[in-house]
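Per-chain residue numbering starts at 1, and chain names A, B, C and D are given in the order in which the chains are listed.
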Amino acid sequence: MQRFHFPRWTNALVRGLPVVAFLSAVYLVGLLAFGASPETLAVGYAPRQPIPFSHKLHAGELAIDCRYCHTTVEEAAHAAVPPAATCMNCHTRIKPQSPLLRPLREAVAKDEPIRWTRVHDLADYVYFDHSAHVTRGVSCVSCHGRVDQMEVVEQVEPLSMGWCLECHRDPAPNVRPVDKVFDLAWEPQGDARELGRRLMEERGIAPSTDCSTCHR
Amino acid sequence: MSASNLHGLVAYYADVDSLLAAVRRVREAGYQRFDAHSPFPVHGIDPVMGIRPTVLPWLVLGAGLTGCAGALLMQWWTNGHDYAFLISGKPLFGLPAAIPVTFELIILLSAFMTFFGMLALNTLPLLSNPLLRTAGFGRVTADRFAISIEAADACFESHATRELLAGTGALSVEACESDESSAVVPKWIKQLTMIGAAIALIPPALIAMERYGTRTTPRIHVITDMDFQSKAKAQSASLLFEDGRAMRRPVEGTLAVGEWIEDEYRATGKVAGQLGTGFPYEIDRAVMERGRQRFDIYCGVCHGLDGLGRGPIAVRAESLEESAWVPPTNLHDERLLTVPEGHLFEVITNGVRNMPAYAAQLSVDDRWAVVAYLRALQRSRNASIEDVPTDQQRNFK
Amino acid sequence: MSAHHHVSAPERTRVTPSGLAGRGRLATLFGAALCVLAVVLGFVQEEGMARLQHGWLLAVTFFVTLGLGGLFFVLVQYLVRAGWSVVVRRLAEHLAGSLPLMGLLLLPVVIPTLFGNGQLYHWADPHELAESHLLQEKAPYLNGWFLLVRVAIYVGVWTLLVRAFNRRSLAQDDTGDPSMTIWMQKRAAPSVLAFALTLTFFAFDMLMSLSYEWFSTIFGVYVFAGSAVALFATLVLLALRFEGRGELRGIVTTEHYHDLGKLLFAFVFFWGYIAFSQFMLIWYGDIPEETVWFQQRWVGSWKYVSLLLLFGHFLLPFVGLLSRHVKRNRSLLASWAVLLLLMHLVDLYWLIMPTLSPEGASIGLIDFACLSGVGGLFLGGLWRRIDGKPLVPLRDPRLGESLAFQNL
Amino acid sequence: MVITAATEPKRAHVAAPVVDVLSDDPTQRPPLMTGENDFTSITDDVCGIAEREATPRAWYIAFAASVTGMTVMFAMLGYLIFNGVGVWGNNQPVAWGWPIVNFVFWVGIGHAGTLISAILFLFRQGWRTSINRFAEAMTIFAVCCAGIFPAVHIGRVWMAYYLFPIPNQMEMWPNFRSPLLWDVFAVSAYALTSLMFWYMGMIPDLATLRDRAKGKVRQIAYGIASMGWTGSARQWHRYEKAYLLLAGLATPLVLSVHSVVSFDFAVSQVPGWHTTIFPPYFVAGAIFSGFAMVVTLMIPARQFFGLKHLVTMKHLEIMCKIILATGMMVGYAYAIEFFIAWYGGNPYERFAFINRAMGPYAWAYWTMATCNVLVPQLFWFKKLRTNLWVMMGVCILVNVGMWFERFVITVISLSRDFLPSSWDYFKPTAVDVLTFAGSFGLFFTLFLLFCRYLPMVAMAEVKTVLPQAHAGHGLHAEEPAR
């Protein structure tokens, strides 16, 4: 039987293999980094809600303060989604028959909550405290973006662990005067970092980066 | 057989001694491009062939030093600098704890360099080699010894070289023909590569669509039982209870610890069932600030920040020409200037006419703070110069 | 595999050194005089007795470990039936031969403990015993009489081993009887076991118990590693000495130095490995009763002694001996051997002296007197043992293999 | 076109003198192999195994059994990954149960191969050439088995990349001060280096198989695997230097790997774990168990594949001696640990050791002590260490003992932690047992594949220790081989 011999072109092919292997490795790593990053997976989530509630109208044009609805944000870990009753403060008389508000009226009638879809949903092993942040000068806008300009609320930040840590390690750029926390449009005069550093010093803000800060 | 396709000549030997003797002869004859082949490393052949020590040890030393520096830098940078995190009182970067990993990386990089360096210096892999096509050469990896002389050698002369080899006690001398097979990588391989590359572009494109757009579906969760644990969190749904709420409603009349207020007036705005006057506790600047803040959040939307009843909601309702809309009260109304404070408190707590109750949003003390601020707001519209502290009166004159 | 190269055995007269006995006697006298000087200084100087005991222990342990290294080498060569090493084995036998005398010289530090003298071994101090609960727990082991018994056992075992092996090796020079080799091959394994146990407990008793509250399971191995380094350094130097004199010329070749160098290198690494294991585990565990020992060796100038050991006993010789070229170059190898022998002394100094001067390293005249005194006795014994006997096991069955040895 | 310049000399068949390979006679070195061996016979003997046309039935039976075991293991791992680590017996206070025991057990076994290849190479032990390939293969398969346990021990195997310093969304790095991370580096470096060492050693032999291969598939497969090796002097020159370098690198590596494994325990403050002799003691134990495994596998393999003339009784005897020596080292460590536990005066430490020997796990402790210290004492007697049955029995018991050693260290110390209220008695679950039993299936599956398709003996290396391999041999042809 004729012996098998590798043709000459296999030598060239073998030379090319390291290049292909290298490129493949770069490709795979790049693909993974690009595809599996929270910026891809988490950012941009804008679920459809039972009622097309517009933050742009309410918080933006009408300039209703965040706390009018999310009442617990300053005292509790959880920033409460308002009960239907809060909506009915106005909507008993404004657009009382609007078909878009039917789920609201039904909820009130049946004494059931409206099943809003949660947009900013951290994993259950993360313990995030809203009050700890807003009372120290971290604005809503730092994590939720310009909600007052959103017709449909959308996740704009990755809310990943690394993203949290970035701020915990260097909070200065995100610390503002407490009375400006709910003013989403507020921009610092001059250097935000400098201001933040001063405020941190004044108020003794030193966020912990211990594991148990968020995982308990 | 034409001279053009002659790659070289191979002579075969039976044992180490004849190989060594032959190598000596070939080298003495001035050949440069020749090599000896054996099934195992023949000791003592290097000086006979004039093989100079390989540079491999130096490459390996370099790799080892790289591993050492790299490992130390990596550990210092990651644990000591970029992610400084104190664990069980150990220094952020302590040399004793850094040594194991440093050591392993020195070895690992050196080993890689040894293995791949050896292959590279030997130009391996080299699957196609004219020698491997030569019929008798197959035994060289088993029990034969051989010398190969390339036709490209300056001293090579087909006949004379053959004579030389035959004269060295070779068992046989065989011509090694050049490999005439194509050196061009076949088209199908190139095509496959192209197709593969094209297919490889699809996943990044899909990911880019995902990354730069919005979507209504939640992210992919690999570990659902960690991300969604079977525990009740605020305002979440639960299958455990009939009403589907994870949060339970407290029993009617439940008070949290510390929420019970002894003072009836402070708690209800009434004294013995009658609306009271004045404030249940002293009003200072902090209370006033708080009142102003709460007023702006909860009252201002309808009554307006100035209390004139022209808040943004009212404006909006009017612009929508809502038939059911009742304009909010002007808080500077004469009637409200004289009502007892208890009345104002009562209205905030329980609502009145079209105004809903705000007890859920405003705590008891917050309500008194709002009342206090409201009084100040009303006063601001009816103030005289006497209301200004004497040391500041000058500024208003 | 080198058996094909036939090398004829060297002549007896050429490899038998002569004229060393006189020099040996001189060294013994000189040593004895210095020992007396040391004792006198110990009585005269303030705090002299404590220093004398420490200095004496340092000097004796240094030479005992050399002897132990020699014994280890001899035993292991028989255990693994090594061929290459035959030409240097006799040197190691002579080194081991110093063990009986050096062992006896341990008595001056053991006997005071019988009388409650705790200047060297604090555990021997009755006040210490009365006050320390920990020490009371350990007293069944740490007491003068038991120590004396143990030291007697160690020295007895060493003496037996040395006599058994050295006598047979020398006898073989005359008879050429291979049964001697067979006998020793058979006995090597249990002998190594006895060697390991005696060395370990010798290290525990004489060195570790200096800080009686401290303990480390690896300590015996640590002392062994240091002894092995010292042994190979000494072997290199002795071989060079007798190559220079002529007895070993043409017999101990570059190939043997290369192998001795490799073993020296290997044991430098082994010492580093053991030292690191001991240090790192204690550093990491961070338990006060253990870390205190290293803490003591980081106080004041002790810190520099510790660093000297790290660099001089490990890092520098490791790098220095890495290259094949160095191991095959006699003068380069000799320089590293001298350094390492010195470092072995520093190592023992570092083990012993912090209990004497905890505030920082210090050297006294007594230390020199002890070291050169005991050294004189050691050298005197060594020269006299070497004198008149062939330096090469003339009729060892594997001598040919050793003479023709080639590093491949 | 072949010119025959000289007739091929016939192999000289001198009547082989009957030599006792076990001879203790110092005046001569017994040959490393028995019978008349030359380059051709060695090539034929070793290649013959891999080239056999029909696979023997016994191989199929063994393979089926191994694959079954392996399947059981993977099924258990799947079950584990699906359900979580709770399916194991691990709990408080014994949070490190069988998985760690099994890991250390397999890693230990994986030490003999590199030791034989590297350290004995540096010591110029010619006898290693007959067994090093076999032992190296065993090393790699054992490390494969070992790697599984810590990998699945993390519970969520897809998170295993956290173990390496790879930039991730958490923006944190692994804790390099943790001995568990050192382990990751040590075991990975060891696995990779061993693999390269093994493969590099095989290249010339794969070339032999390539040149002898009949079928096209084999010609291509061995052709690719041997990378175009031509056995040229220049190739051998670099190859030998690389082999020496790898041996020099693997020697400290093999010491470091089990030392680092011992750090997992010894850097802690758990009584019975925190002791400075752990690194060398673990290394000795690893070599001990590794050699026992090599002997256990070698005895049937040499019988079955007809390699008795290459792997002689001498090889086995030397390995038994090494087992005895390392067994004594392990016994030494046990004794010193006990002594220092008493001498140290720490009541917790004292309790830990008394509890080992007399507590509820005394059975495990005495199993360990018997198998590891007492049983190898049989090897003091030459009659016993050259008896295949005794050898086999002792080596199997040694590995039982070494498994129990890890069990004793891991479980006993943890089961009696500082808080008596949490003391507990560890019980493995069926998943624990089946996973461990199944890991032998994986080991033997890989092993049987190796025996069937790869050169089991390092032919090129064995040839170098034949007398014919040395220059000038022809001049002394009349001398008996030494």
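One rule holds for everything that comes next: contacts are C-beta pairs under 8 Å (C-beta built on N, C-alpha and C of every residue); 3 or more make two chains touch, one makes a residue touch a chain.
Just so you know, these numbers come straight off a predicted model, no measurement behind them.
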Highest C-beta pair count, chain pair: B-D
Chain whose averaged C-alpha position falls nearest the assembly-wide average: D
Distance from the mean Cα position of chain D to that of chain A, given in whole angstrom: 52
Distance between the centres, which are taken as Cα means, of chain D and chain C, whole angstrom: 35
Whole-Å gap separating chain B and chain C, where each centre is the average of the chain's CA atoms: 56
Geometric centre distance via CA averages, chain C-chain A, whole Å: 69
Chain A: positions in contact with at least two other chains: 6
Multi-chain contact residues (two or more partners), chain C: 280, 284, 408
Touching two or more other chains - residue numbers and ranges from chain B: 43, 85, 90, 94, 97, 125-128, 132
Every chain pair in contact, whichever chains are involved: A-B, A-D, B-C, B-D, C-D
Interfacial residue positions of chain D with respect to chain A in the complex: 167-172, 214, 216, 219-220, 223, 228
Residues on chain B engaged by chain D in the complex (per definition of touch): 1, 11, 14-17, 20, 23, 35-46, 49, 51, 53-54, 56-57, 60, 74-75, 78-79, 82-83, 85, 87, 90, 94, 97-98, 100-101, 103-105, 107-108, 110-112, 114-115, 117-119, 121-122, 124-129, 131-132, 135-143, 148, 162, 165-167, 169-175, 222-223
In the complex with chain B, residue positions of chain C that touch it: 276, 279-280, 283-284, 286, 408
Chain D-touching residues of chain A, taken from the complex the two chains share: 1, 3-4, 6, 33, 37-38, 158, 160-163, 165-166
Parts of chain D lying in touch with chain B, wherever the complex brings them together: 1-9, 38-40, 43, 47, 156, 158, 165, 171-179, 181-182, 185-186, 188-189, 192-193, 196-197, 199-200, 203-204, 207-208, 210-212, 223-224, 227-242, 245-246, 249-250, 252-253, 256, 260, 263, 459-461, 463-464, 468-475
